[in-house]
Amino acid sequence: MRRIKHFPEVMEIEAYIYTAGPVGTKWLEALRAGRLTAARCPKCGRLFMPPKRFCPYDFEEVKELREVEPVGVVETYTVVERDFYGEPLRERKVLAFIKFPDVEGGLIHYVKTDNPQMGMKVRPKWREERRGLVTDIEYFVEI
Amino acid sequence: MTGRNLNFKHRVAVVGAGLTLFRSRLLETPQELAWLAAKQALDEAGLTLKDIDCVVIGSAPDAFDGVHMKGEYLAEGAGGIHKPTIRVFVGGATGVFVPIAAWWHVASGLCKRVLAVAEEKMSHAAKPHTQYVFRYIWDPIVEKPLNPNLIWIFAMEMHRYMHKCGVKKEDIALVSVKNKRNACGHPSAQLCMPNITVDDVLKSEVLVWPVQLLDISPTSDGAAAVVLASEEEARRITDTPVWIKGIGWTLDTTHWTNRDLAYPEYVRRAAEMAYRMAGIDNPRKQIDVAEPYDPFDYKELHHMEGLGLAKKCEAPILTREGVTQRDGDLPINPSGGLLGVGNPIAAAGLMKVAEIFWQVRGEAGERQVKKPVYTGLAQAWGDLMQAGTVIVMGI
Amino acid sequence: MRVGIVGVGWFGFQPEVVDYSFREMMFKAAQRAYEDAGGLDPRSEVDAFVSCQEDFWEGIAISDEFAPDPVGGAMKSVYTVTGEGLQCVGQAYMMIRSGLFDVVVVESHGKPSDVETLNEVIFTATDPISLRPLGLENVHALAALEARAYMSKFGVAEEHLEAVVDKAHKAGVKNPRAVYASPGKSRSATPVVAEPLREADIAKFVDAAVVVVLASERVAKRYNDTPVWVDGVWWSTEFSSLEFHDWAFPLHAREAADGAYTQAKIADPYKEVDFAEVDNRYSFKELQHIEALRLAPRGTAKDLLADGAFCPGGRLPVNLSGGALAEGVPFEVHGLARLSYAVGVMRGEMKAEVDKAETAVVHSWRGIPTTTSVAAVLRI
Amino acid sequence: MSGGRPINPRGTRYEKVEFPVFEFPVVGKARYSYTTGEALGRFLAGLKEGKILGTYCAKCGRIFVPPRIYCSYCFKEVDGWLEAKDEGVVVTAVMSYISATRARLERPVAVGVIKLDAPGRQFDDHFFPGIMHYICGASEDDVKSMRIFGARVKAKWKRPEQRTGSISDIECFEVVRP
């Protein structure tokens, strides 16, 4: 019995427009100004980056952003050589999780280095033209 | 169905509820919306996050917020970190289903205090238009190639109901007028229209005849939350716990083009399940206030008949006679419903559960119905004219 | 009130099931499960149905619409959990213990072969503000970050991953469902994908559907003389965003396991558990999850595995089925795949080199980028 | 807007976007190739040949259009295939003035559910072979006056070479004028 076995379709719209909430918007505006900040919970004093509008631990409201020294430490990293479908990438990329002293969380971002190390100190390399996104940091470089 | 006399060793009560504003566009991220509602519910119950041991999340299509595995994403905002957190999903009926799932979290004895949070942020799906996401609700092979608009299916059901029961559009418009005026008493309301008239509804833009613009609830961002507790905990938390007396839900066959849309049989079955558990045999008399799901005005009438609160084709008559007003004998949607307060899909159903919670406790302020309230009902609907969820609550 | 598994049915476990749609796969799995439950009639003997599924896996905006019919749940109490198959078992466990339900059917299905842009779909699960703008070409890189954190903290070397992959492929040969079990393949012969993970460290995807029938102690014997009892099931979400979770150790797996052990009154898992089926969709995860499930002290799973403790015939066999590395990852069905294999071993239907198979622990994780695990304790 | 709970519900409303947001283009990011399976695979092949195929259950007598390999009511495999006629009666119909993206249409289109004839089988309102489709040859007044309910309609097929094996191989169901 003849059959048409597949039916191609999509579940797409044109584009999503994500907003970042009151604290997140200030965080993105700080990025646009080339500054790293973290959100501080008034009750437990933890600093959160990426920022939070509420403390996940005690559910208090978080309003205040604090400036953070743009010096991070590579806590773990990977050298990505192939894409999900197995094709080699045009150029290898180093993806890392970068922690900042006394800050809970950190940033998952690219590091431009030929010799990635655990515990390596890095600082952000900002793009000239910034739009208020985590990609305003082009990548991190070793200090 | 095991219909034995259902007195459970674990009675479960609602002890707190919270809501955000319902608006077409809110700046908060979905996590923050969930947190705003959850925090308000905890505050009202006089609890903090560390008192919660399980979390149940409700949110409708991921394609609105634009986040895959949305349950994981919302866990933080719903207070679910380092805890068992689960997301249940029955389309639009999710809002009333969240407390149903939270009920067996407690009734099973595995959890003592459960946070049930429903959230929806539809404004992320901005381009080309929020409504565009509804095209992915249809059967991808048999229906979607016709490039449908979701309002088609509601209009077909409404027209079938009008045809079968001989209902006029004027009768149906009365529901929209009632709810959009009632909403003016609700602090979260998106669409309070104090002076709306039937004429306004009948003159509003025709979208898909017989559905016109003011027949519909708006798309919204918003979140709602309730706190459930075991009997022992509930008595310690508050002296006015509102018991969950009955739960019920039913999903009909997917193939809505094979069945008559004039009467929601699946809502009747869901109500029957909840009534049996709550020991209700004459809902018209024993239910003091009800919040049936009203994404469209005709749906309130349609669901009143499914819930047995009106005989078949009788709901428009009761509405015309004012029986369903706040000072009527059977107040329906005193909150203002989805038509007036707003329709952030999953959170809309839980807003109704919160309304019944406040009505039973006499805390609905301007919206409080005139007659004394001992037993109330909230109902949600969803999927392709297919899912009915019912919860009966009371003293 | 104990809760027993009285029927299990599966269908598929093929890289691409071409001739059956996901609904038809659900129907086939349900038919087998009901047959296994002594010819149970879903139209009259089942109180509720729970389906585990996600919208973006199916490409349908409210995918729970399609749950009722294929499992016999039209006009019945059917609902969907957007979560892991084992979380659905957890819901059924709660529903039955509440006293309102006696027989609950759990279903999960996954058809990865239908998804053409799988990396982008998985990536849509990341936080829109903090991670999505990066546009990762390979979401497995996030798992690689966890791999290095674990391996460097506990001195785990590539040879230990080699041992896990080797064990999975050899054990999988005895599992009729394990399409990816190929004993000849050596891990080092496969290319590096995201260092330290090579291709062989990453489980491939598979189309599958599994249905499980659970019943209360009151009625279980009507459907099966030897039910496998679910004595504990628990789940936990560690965090919503990866930046705040423990990169080196799956706390969520530890929290889920502790919850399940407490319910099942297991004080010392290493002594009281006979065998385990855990999530090894990345090779290093098997070691992490063995330790998280208290089957080995932290950092020692690699050594005990090298001594053969967790191999078939060992002291506490882990993944007799070969796990996801051999069977493939069927999206949310993974937990039920582990559970159905464990039930087969405990009933003696699956020939397995394990001397005692009376108490088993089954675990599943929801994969990248989640921090959610589920664990269940089974007894016969 | 006052009185009673919820007290001071919160949320930050905004009209226009004048602050950093992340616009995430989605085109090309959620593509699927659905496996039609036995039932819909044959259904689509049938449409390409100008036929509307269904399955039937001998135990309860129900006919399934669109077809499926299981009877939802008896939970058993269906007992065989049959061809439904490509004509029937309108069960419900509406007039759409907007497209899927909510944009106004120049000319409204009628859409409805059509109960298909299946010779030798009768159905009640509660279960019948039926599909949703466009209805042509019906005026706005036909729909608004509800005269369209129960009207006989017949499929208007695209030319064979234009057909691709999809529900859109039928252009619409045309009202049969007596």
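Lettered A, B, C and D in written order, each chain numbered from 1.
Here is the rule we use: a residue touches a chain if its C-beta (ideal position, glycine included) is under 8 Å from a C-beta of that chain, and two chains touch if they have at least 3 such contacts.
Treat the numbers as computed from the prediction; the structure is a model and nothing was measured.
Of all chains, the one whose mean C-alpha position sits at the greatest distance from that of chain C is D. The chain pair with the larger count of C-beta pairs in contact, out of A-B and B-C, is B-C. Each chain gets a centre from the mean of its Cα atoms; for chain A and chain B, those two points are 37 Å apart. In this assembly, the C-alpha centroid of chain B lies 33 Å from the C-alpha centroid of chain C. One simple way to say how far apart two chains are is to compare their mean CA positions; for chain A and chain C this gives 30 Å.
Looking at chain C, residues 18-19, 55-56, 59-61, 68-69, 74, 121, 124, 127-129, 132-133, 239-241 sit in touch with two or more other chains. The residues of chain D that reach two or more other chains are 12, 14, 22-24, 26, 28-36, 38, 40, 44, 68, 72, 166, listed in rising order.
Under the contact definition stated at the top, the residues of chain B that touch 2 or more other chains are 27-29, 63, 66, 76-77, 81, 124, 127-128, 132-133, 136, 140-141, 253, 255. Touching chain A in their complex are the following residues of chain D: 12, 14, 17, 19-36, 38, 40-42, 44-45, 48, 81, 165-166. Contact residues of chain A toward chain D in the complex are 1-22, 25, 28-29, 31-32, 131-133.
Contact residues on chain A toward chain B in their complex (touch as defined above): 7, 9, 11, 13-22, 24-25, 53-54, 56-59, 61. By the touch criterion given at the top, residues 1-15, 23-24, 26, 32, 34, 36, 40, 43-44, 64-66, 68, 72, 91-102, 108, 111-113, 125-134, 140, 143-144, 146, 149, 166-168 of chain D touch chain B in their complex.
On chain D, the positions that touch chain C within their shared complex are 22, 24, 28-40, 68-70, 72-75.
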